[in-house]
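Here come two complexes built around chain A, the first alongside chain B, the second alongside chain C.
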Partner chain A sequence: MKPVHTGWLLLLGATVALAVPKADAPDAYLNVPAAGNIVAVPVSTPGDVFLPPPIIDIPQDKAGDMIKLGRLIFTDTPRYARRFTGNALSCSNCHLSEGRKPGAAPLWAAWGMYPMPGNQPGEVWSFEARIQGCFRYSQNGQGPQLDSPEMTALVAYAQWLSTGAPARTELAGRGMFQQETLAGGAPTPASKPVYSVSHGQKVYQFQCAACHGADGLGVTRKDNSYQFPPLWGQASYGGGSPLAQVPKLALFVRANMPLGRGGSLSETDANDVAAYILSKPRPSDPRIGWRQRWREARK
Partner chain B sequence: MKPRYFAALGILASVSAVSVVLARDWPYAQRPSAAMALGDPSGKLVDDPLRRAGERFIPPELNELPNNDWGKLVRLGRDIFIDTPTRAPKFAGNGLNCSSCHLGEGRKPDAAPTWAAWPMYPTYRGKNDDVNTFQMRIQDCFRFSMDGLMPPLQSTEIRAITAYAQWLARGSKSGQILPGRGFTPIKRDIEPSADRGRVVYQMKCALCHGHDGEGVKAADGKRYQFPPVWGDDAFNRGAGMYTVRTAAAWIKGNMPLGRGMSLPDQEAFDVALYLRLNDRPIDPRKGLISDWSRVMTGF
Partner chain C sequence: MKLNTKIWLGVIALIGAGIALALYLPPRTPPEIIQARQFGAKLAQQGRGDIPACIGCHGAHGEGNATAGFPRLAGLDVGYLTRQLQDFAREAPQTGAHFDPVSRDYSKTPRINLPYSILTPGLRRDPVMSPIAKSLKPADIEQLAQYFSALGLTAKPLPGDPETLERGEDLALRGKPEYGVPGCFSCHGQNAVGVGAIFPSLAGQPPQYIIEQLNRWQSGARDNDENGLMRAVAEWMTDGDKHSIAAYLANLSYQVPAK
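Entry: the complex of A and B
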């Protein structure tokens, strides 16, 4: 067979695989997606979403030094905020592209919205308290003190990243999912979501395992720092993290994963892979003691 | 030499001596009533409205606040801002409110409005040679201008005032220098005179602030209707207002109340120096002895 025939056949096969509904052919996602399926989520598109300043704009003074320190902490937390972290994750493992990417909880969209009402009655979250929550739950460590240089640096970085962003204004791309920036569209509210962990395992093996590892423990570099973050295990985020809830993790996965192909997973796949990831062991919620965990496990 | 020449020389010398004495502080020391009329004609009143669309940033109205937890916190912040000794008695040390300097409840341009300050923080401050968050800046206000104690960063007072300032700045762009920020520009190369300053004070300021700088109490006998400008209930020697040029810029833009920008730069500097030379609480960063030497030398 000549090579040109092979190419045409592959293209035909990909077309057929894409045309078949996934409900009828549950193994359709086993095919590697064709190039046309890749959805580009712009990190910086003027007029479309807010455009944070480039890092070359960081001022060359002491305030700029603090901003640079904040960026280093943000992108390499286990190294630069070592005394406060408890696992291998950096801030930028969830807040992708150094906190810039829309749909991945960008800092520039969050900065202006705080202080905001919290979950408990009478509770108001400040931006600093939110950062402390990230350290405590998602990084399984301790919240930096409010007057620590780590906290000041992170706040300075967030404030600088939102240079020009209006205060107390809802910006497009805020939070974990934005229909405007995704080809997948808004998530359809499922009346009664039923998660299939086994289906999620399949999705994981074919879509996620290449980077995060078949065992979900991430990929390390030579110096034991993580190139791709662990998704479960003791080096991953704890049970108190927002991403330890299946709906929120599904939103994050759907908007951002696989890396660079956000919006390519279907809602069912995202839900199931989230359920699969969260069925694995991870550090516990520090707010819940072993007695309550044991009681809940028996239910 | 004939005696009449001596007489002529004596007359000449006495006239010149008298004229030198007269010219020393002319026109203020000798004929203040002729130099400055107490009541300027109404046409000279300077109109500096708080809300002038297009020229100044317009902070939101109080009735735009929602009635949720966040809105209550913002209202508490406003209450503390305009009635600090009553609402924050643990931390306020004198008779001043935040709004004694940040006029118009922190809204007035050229009186360090909080809506113009919020987008600039965290920032580097030469006062303590460090990058400070907005909350740390508020702490310094309490420590120096209110001669009190620093509220802890997680205290309700700090959180409320921060929420109030951030709400006033809603819609302002992060990192943007807004017109009306800080104090109005004032000349640097001015030699102030405390003698002239005393006269200007007695003529233009004493009506409200008292002839001995003691302020005017409200009807309840506790709160101040017009704040003291020196003495035990005024700002201490570590405050920004203790710096002559800073105080002069504030006075030029805002005093006499409602007639901002009516004093020439020279008179603003004179009054500022006169205020500085009066007695007030010591700088808490310094010991009593080192600050006493500052008192004795005048600077």
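Entry: the complex of A and C
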């Protein structure tokens, strides 16, 4: 056997040494210290409100992809459902915490209640029709067609959020909180509610203006999407939205606002600030034509 | 006639080109702000009298100290930095009845007839930072804020425990809706880049600093938040939540360009 030249061996060794990456020193690992327990926080609320499944439980299949798309549409509607929206709002601007927060119309409490009887005799509202109404009245756009991927994704997301929730059952936290469950008890029955818009303006300046802006037109990010949603103006919800009625907006404000301090406003403050917000211009209800608006204006 | 038309077309084209150039070029930084940054840089790097140099603890480029838990200052908002230094220096308001040595006529004094006037400016007490902030003049505070807000920063995410990071992401995006706690990003901005002077950037802050501040919100040692928002959020956070969110925020990749 012919002896191998030492130079070839050296060349081979050098090639291997260059090709194989040098083993680095192990990366610095995130060192997070333990927090000293300052305040004891209750860790669970058994039976208080329904807990939707965590995001990591979304199944890894095609149905799971649809759920993920639904979540994206829900949290960033102007980007992922561009062709159906007419303003800058996302679903999660009102259905807070990605449709999970009790008291902010959570999806897990709504899903099992549909189809439900509508306002007119013989009318039945389906969940899909309700989503179309949201797009039409609250986002000033077009309702997604029943067979569109956007509609499928949103329905899939709502269904997944209500995994394990009982169907056709009034769950705690459905819709906005009722007045009875908030501090202060049931509202006193008044023949005609009187709202003070000027007091609402003061409440707005102290409680709302820090986030939504003194002009109420919201705060935008660098990419022109909204960090804090506009409360009035052309980029906000229209007159056909449920939140364009003072009692419903007052309930929403009282249950959820200021963000993280829900329930801290009094009934009067919430009513007045809702009246102030709704005294500002916003897109009109698409169901009301210019003839009817003209007739109402002349009354 | 023809010459006139050509001249006018040329003038219009020049004006249009000027407008396009003005829109394309970035806005010019005012010279007084540049000067404030220079004065701030001198004070931050050298200190003065009994004021130690800021870079000793907060890093040569304001990047903070992850080992000791000193916060990063680079790229934070001017208004936020100013307000924090003012709140460090502020003493607790006097409580109890106050009597004037000479009686005065208050009938001409404008009054704020609002129930909200009971709100006091917030305090932020710290054994190290409060004495330093008290010896700063108002101009120093302004200049230091201008200097540190103009610094750039590139955060270096560190690998961490995936389950902790997943829980941290859950808190950052969704919060704890069953307790009415919003996610961090709903106020502090997408990826916690900060929103205005009220909501500071959290990305790239040392985890020790985040946990320490959450503890202070809970204990009341820090109460200079807008409208009591952060206090209301912090009092629902368990030790595990603080740990998870600190790990996640320190793990975010974050870049802010130098101004």
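Going forward, the second predicted complex is superposed on the first by the 239 of 299 C-alpha atoms of A that agree within 3 Å, B and C clash if a C-alpha of one lies under 4 Å from a C-alpha of the other, contacts with A are read in each partner's own complex, and residues count from 1 in each chain.
FYI, a contact is a pair of C-beta atoms (placed from the backbone, for glycine too) under 8 Å apart; a residue touches a chain by one contact, two chains touch by 3 or more.
Just so you know, these numbers come straight off a predicted model, no measurement behind them.
Engineer: Taking the superposition on A as described, I'd like to know which of chain B and chain C A:D147 touches: first, second, both or neither.
Structural biologist: Once the two structures are laid over each other on A, A:D147 reaches chain B alone.
Engineer: Taking the superposition on A as described, I'd like to know which of chain B and chain C A:V49 touches: first, second, both or neither.
Structural biologist: second
Engineer: State whether chain B or chain C is in contact with more residues of chain A in the superposed arrangement.
Structural biologist: On the superposition, C touches more of the residues of chain A.
Engineer: Identify the partner contact of A:S97: answer first if only chain B is touched, second if only chain C is, both if each is, neither if none is.
Structural biologist: The answer is second: A:S97 touches chain C but not chain B.
Engineer: Just checking: does A:D61 make contact with chain B only, chain C only, both, or neither of them? Give me first, second, both or neither.
Structural biologist: A:D61 contacts chain B only, not chain C.
Engineer: Which holds for A:A167: it touches chain B only (first), chain C only (second), both, or neither?
Structural biologist: first
Engineer: Mind listing the chain C positions that touch chain A in their complex?
Structural biologist: So the residues of chain C touching chain A come out as 66, 114, 116, 158-161, 164, 166, 170, 173-175, 177-183, 186-187, 189-190, 195-196, 198, 207-208, 211, 214-215, 218-219, 226-229, 232-233, 235-239, 242-243, 246-247, 250-251.
Engineer: Which chain B residues qualify as touching chain A in the complex?
Structural biologist: Residue list for chain B touching chain A: 68-70, 73, 118-119, 121-124, 129-133, 135-136, 153-154, 159, 162-163, 166-167, 169-176.
Engineer: Under the touch definition given earlier, write down the residues of chain A that touch chain B in their complex.
Structural biologist: 61-63, 65-66, 111-112, 114-118, 121-124, 126, 128, 146-147, 151-153, 155-156, 159-160, 162-169
Engineer: Under the touch definition given earlier, write down the residues of chain A that touch chain C in their complex.
Structural biologist: Counting only chain A, the residues touching chain C are 27-39, 41, 43, 45, 48-49, 51, 54-56, 96-98, 100-103, 106, 202, 206-207, 210-211, 219, 221, 227-228, 256, 258-264.
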